[in-house]
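Which chain is which? They are A, B and C, in the order written, and residues in each are numbered from 1.
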Amino acid sequence: MLIAFGALYQSLRQLSGEVESLREELQREAAKDVERSRELNAIASSLEQLSKRIEGVEESLKRAASAAELRALAEEVGRARAELSIMRASIAAVNRSLLEQTDKAVKRLDELKKEIDSLAERLLFPAKVVDGAGDTITIMKRPARIVTLAPSATETVFFVGAFDRVVGTDQFSNFPSIIRQKVERKEIIIVGGFVNPSVEKILEAKPDVVIGVTNRAHIALKDILAQYRIPVVVLPQSNLSDVLRGTIIVGEVTGNLVEAYEMATKMKVAASFALALSNQVKERPKIASVVWTQPIYAVGGGSWQHDVLSIVGTNVYADLRGWPVVSPESFLARKPDVIVATGSHGAGREAVINVLRSALGDSVGEIPAIARDRVFETQGSYNDAYVRPSPRTFMSLYVLMVAVHPYLFNVTAVSLVLSPENLDVQRAVEKKVPEEAMVLIRMSLER
Amino acid sequence: MSCKVVLSELWVEREGKEILRGVSAEMEGGLTMIMGPNGAGKTSLLKVIGGIWSPTRGEVEVCGRRRASDLISFVPAYLKVDPYATAVDVVEAFLFNRRSLVESVRGKRGKEVLDSMGLSSLAHRRFNTLSGGEHKLVMIAGALAREPRVLLLDEPFSHLDLANQQRMAKIITQLRERMTVIVTIHEPLYANLADKLLVMASGRVVAAGRPREVLRKELLEKVYGVKMTELEHNGARVIFPDLADLEGHPV
Amino acid sequence: MYLAALLLSVLLLFLFSYASIALGPFGSFSPAELLKALQEGDSLEGAVLHYRLWRTAAAIAVGAGLAMAGLALQRLLNNPLVDPYILGISSGSALAYVITLALGINIPVLWYLSTFLGGISTLALVLLLAAALGLSNLSLLVAGVSLSYMFSGVTIVLIQLLGDKIPMAVAWLFGTVAYARPDVTASVAFLSLLGILIILALSPQLESLLLGEEVSAAHGVKVEAVRVMVAVATSLIVSSLVALAGPVGFIGLVAPWLARFVGGAGFYRLLLLAPIMGAVTALGADVTIRLLGGQSGAELPLTAITSLMGAPLLFYLTTKAREVGGL
């Protein structure tokens, strides 16, 4: 253990030195090139902060090695990796000659991560993880076989880089798309539905851990699978911060802590950047989101979808919890500027317009979203990303940002049907949003 | 094996209505018949004797005991049972606490009882599909298998054709040697068979005694409110509603 | 005839139990594989076998218990058309169970207590309602079915409102033994055995009740006491089973009927045959579900199958009962 920490310590020292010299060089560059000096100085000061943080990690490494400290260390390295990869893009933009040195630092961080991973395997496990149901679950060793019970759980596992260990999943998981081939090749087995998984099939997959969500059936499975010493971890799934929490939980469960913290950092940046963007708009658009039309179920307060709507504009049904049944008249009272219909759940654009028109008659024109034909429908993977609480939700956030605020991205015409075929969200936001958000979007599009 | 049934000042009130209003009677063995118009309280009296209803006031004593359900068999006027139940099942239900567990499971007693009564052919027929006469015979078979000291029969002659009425009369008169038999009847004809006849009206016993003393045209006309005709035949007094009283009837 | 029927049903019980242990989405076990899996408990096959054994035990408990409860209720109410599901006892218990879970109570004893109270108060309410409608066989059905629908509605609304606070599968709402916990199965089997014993103890009185309450009272049956005790016993059985497997429909109707069909209506014979037929029915439904679910392993609810048997039977029995004057 000590030897491993010694190596880690050496790497961090080296890295710290590299970051330091990079910073100095950036400052020298800044002096030469007056025009770019402001930009370069900003990068230099970020680098300075980064190196300070790495020194902090070094300090803590000198002390005892416990799982908690390793977790903190992983969090720092994860963040540092996220930030350095962003800075790399900025540095490349101002001064290509410094790239080589930056890449060296990135490489060092990669190695650091590997070392933390190998340390994690020994130091993190047995890990005590507090899951979404508030239960403390002990994971004895780094799980080699994972079963996921919900699409959002499968996607979260993918985003922390542990998808290759998934051996079983529910019948609705369709992301990443390689699942289909893996099922055909019998590398992954289907263990039943989202709400009605089969205990037998889960046993057949021989999992070291089962990752579900805070769904009645998955919580009920805990007691049953405990008979077979299979821990069940359920991920919280109420809102966007639960997605972050769930990502960290998956990191702790799988031992991929660095990736988890890296992803969580990216999600935070992606969300706060989108909010900063929409804050530039004078009047926040009022949005209603409909998930079902018979009767009309809308997105109320407290869900991840509510969080997405609140970043893009304001949710007109924010005062109602969960997914309330709302009356057609309430659309007249709350006057949404935009309606977002979830296409895959029997609540497409046409269905929403029809149900409102048949209930309200001509007064349907009083609803701004109808009057200006701003009724969107999410389709395909954009829809999946919006209706499931997973790291992919952040892609749907940017899809809606582009749809509702096209001028912020210099996009002219946006189709009302939001699907990957009609709108390339990656191209629409490229160079206009931070690299953190771009990484999430690229991963969500499997590019 | 007969025993005494003593009723003293029985009052029964149900749902605010006085159904029995001070009935007193003694029945010591033999065959007692209770007669009277609809709503006179005949069946109610039988239920009180059987312990199905408890009197609001007054007392019932059967064989010197207040509760004597183990000595009593009760046969209702009409019975509707589980559509799958056979005659044997009905007899077995009369015997519910009179057999060992093994006998209960084997279920042979019911068949034996029916065989002994000459009703073998009915044994495995659905009870609800039996004719009125078969219905009553099966129930009486079950009731007798309980070896009661008091047999209560509600309307044994109802729903029977003449031949079956005759058969029933024969059974009842034979039984009075072995136990106290109390029956309710509508037909004044069979009242002649009774050792003791109680005539009831509006919850009271208006006449009691040997049939020859009680069966009088005037009394029945008063009780039933119908004009009667009286005939004597073979020492029995036959009283029946006067058909000539029906206007326009070709008599 | 009866002996043949008994032998046949026992044979069916063994056959279906074997099928329930041998078949499933994991794959079927040959007898030799079963023996091997039994010996090496720690293997994957051993784990699957362990799961299937408990699932089989739960199905048997559910079937036998519901059949006994149905038989006792039919006799008590002198009505061959009733069962705990039709009378609303199951849905009353289910509502109580969901409320208990919604309150965050995770103590099995309290589950059983609340489902019991839910079940017995529903039964009392149905009897009162039926009396208000004029106590007849059909008014009982009407009262039971309408209360049942009302309680199921409230249950579904509660689940919709409370969402994830209720740890159970959706399939549970329509009955399933797929998520039966061994500890719960064991205690539920105990509780429903208690209820079955009460019914067995009351069997002479229940037999007498074939002749109706009045004749029974004349022959010394304390009808009121029997009514209360049968209500307690059936509620005990049904409510504990609801905590285990949710409201499973129609087994309480189908099994006594099957038992009569093969073995006649003698009550003491039904006491043996009905629970066996109940277990056979439940096992048959559960095996069918597993076969229908196929390789995907999606668990369907039991009532999906049992109502396929129960609903036509109810119709048939109603017309038949009308013909022979049973209504």
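Note that a residue touches a chain if its C-beta (ideal position, glycine included) is under 8 Å from a C-beta of that chain, and two chains touch if they have at least 3 such contacts.
Everything numeric in this text was worked out from a predicted model, so none of it was measured.
Q: Farthest from chain B by Cα centre, which chain is it? Let me know.
A: A
Q: Of the chains present, which has its C-alpha mean closest to the combined C-alpha mean?
A: C
Q: Go ahead and note the Å separation of the Cα centroids belonging to chain A and chain C.
A: From the centre of chain A to the centre of chain C is 46 Å.
Q: So the centre of each chain is just the mean of its C-alpha atoms; given that, what is the distance between chain A and chain B in Å?
A: Distance between chain centres: 86 Å.
Q: How many Å are there between the centre of chain B and the centre of chain C, using C-alpha atoms for each centre?
A: A distance of 42 Å separates the two centres.
Q: Please name which positions on chain B make contact with chain C in the complex.
A: Residue positions touching the partner: 47, 50-52, 67, 69-70, 72-76, 79-86, 88-90, 92-94, 96-97, 101, 104-105, 107, 126, 128-129, 146, 152.
Q: Would you pull the chain A residues touching chain C in the complex into a rising list?
A: Chain A reaches chain C through residues 133, 171, 190-193, 195-201, 203-204, 206, 214-217, 219-224, 227-228, 322.
Q: Mind listing the chain C positions that touch chain A in their complex?
A: Listed in rising order, the residues of chain C that touch chain A are 24-27, 44, 47-48, 50-52, 159, 161, 163-164, 166-172, 176, 178-183, 293, 295-300.
Q: Enumerate the contact residues on chain C facing chain B in the complex.
A: Residue list for chain C touching chain B: 2, 74-75, 78, 80, 204-205, 207-212, 214-215, 217-221, 260, 264-269, 272, 320-321, 324-326.
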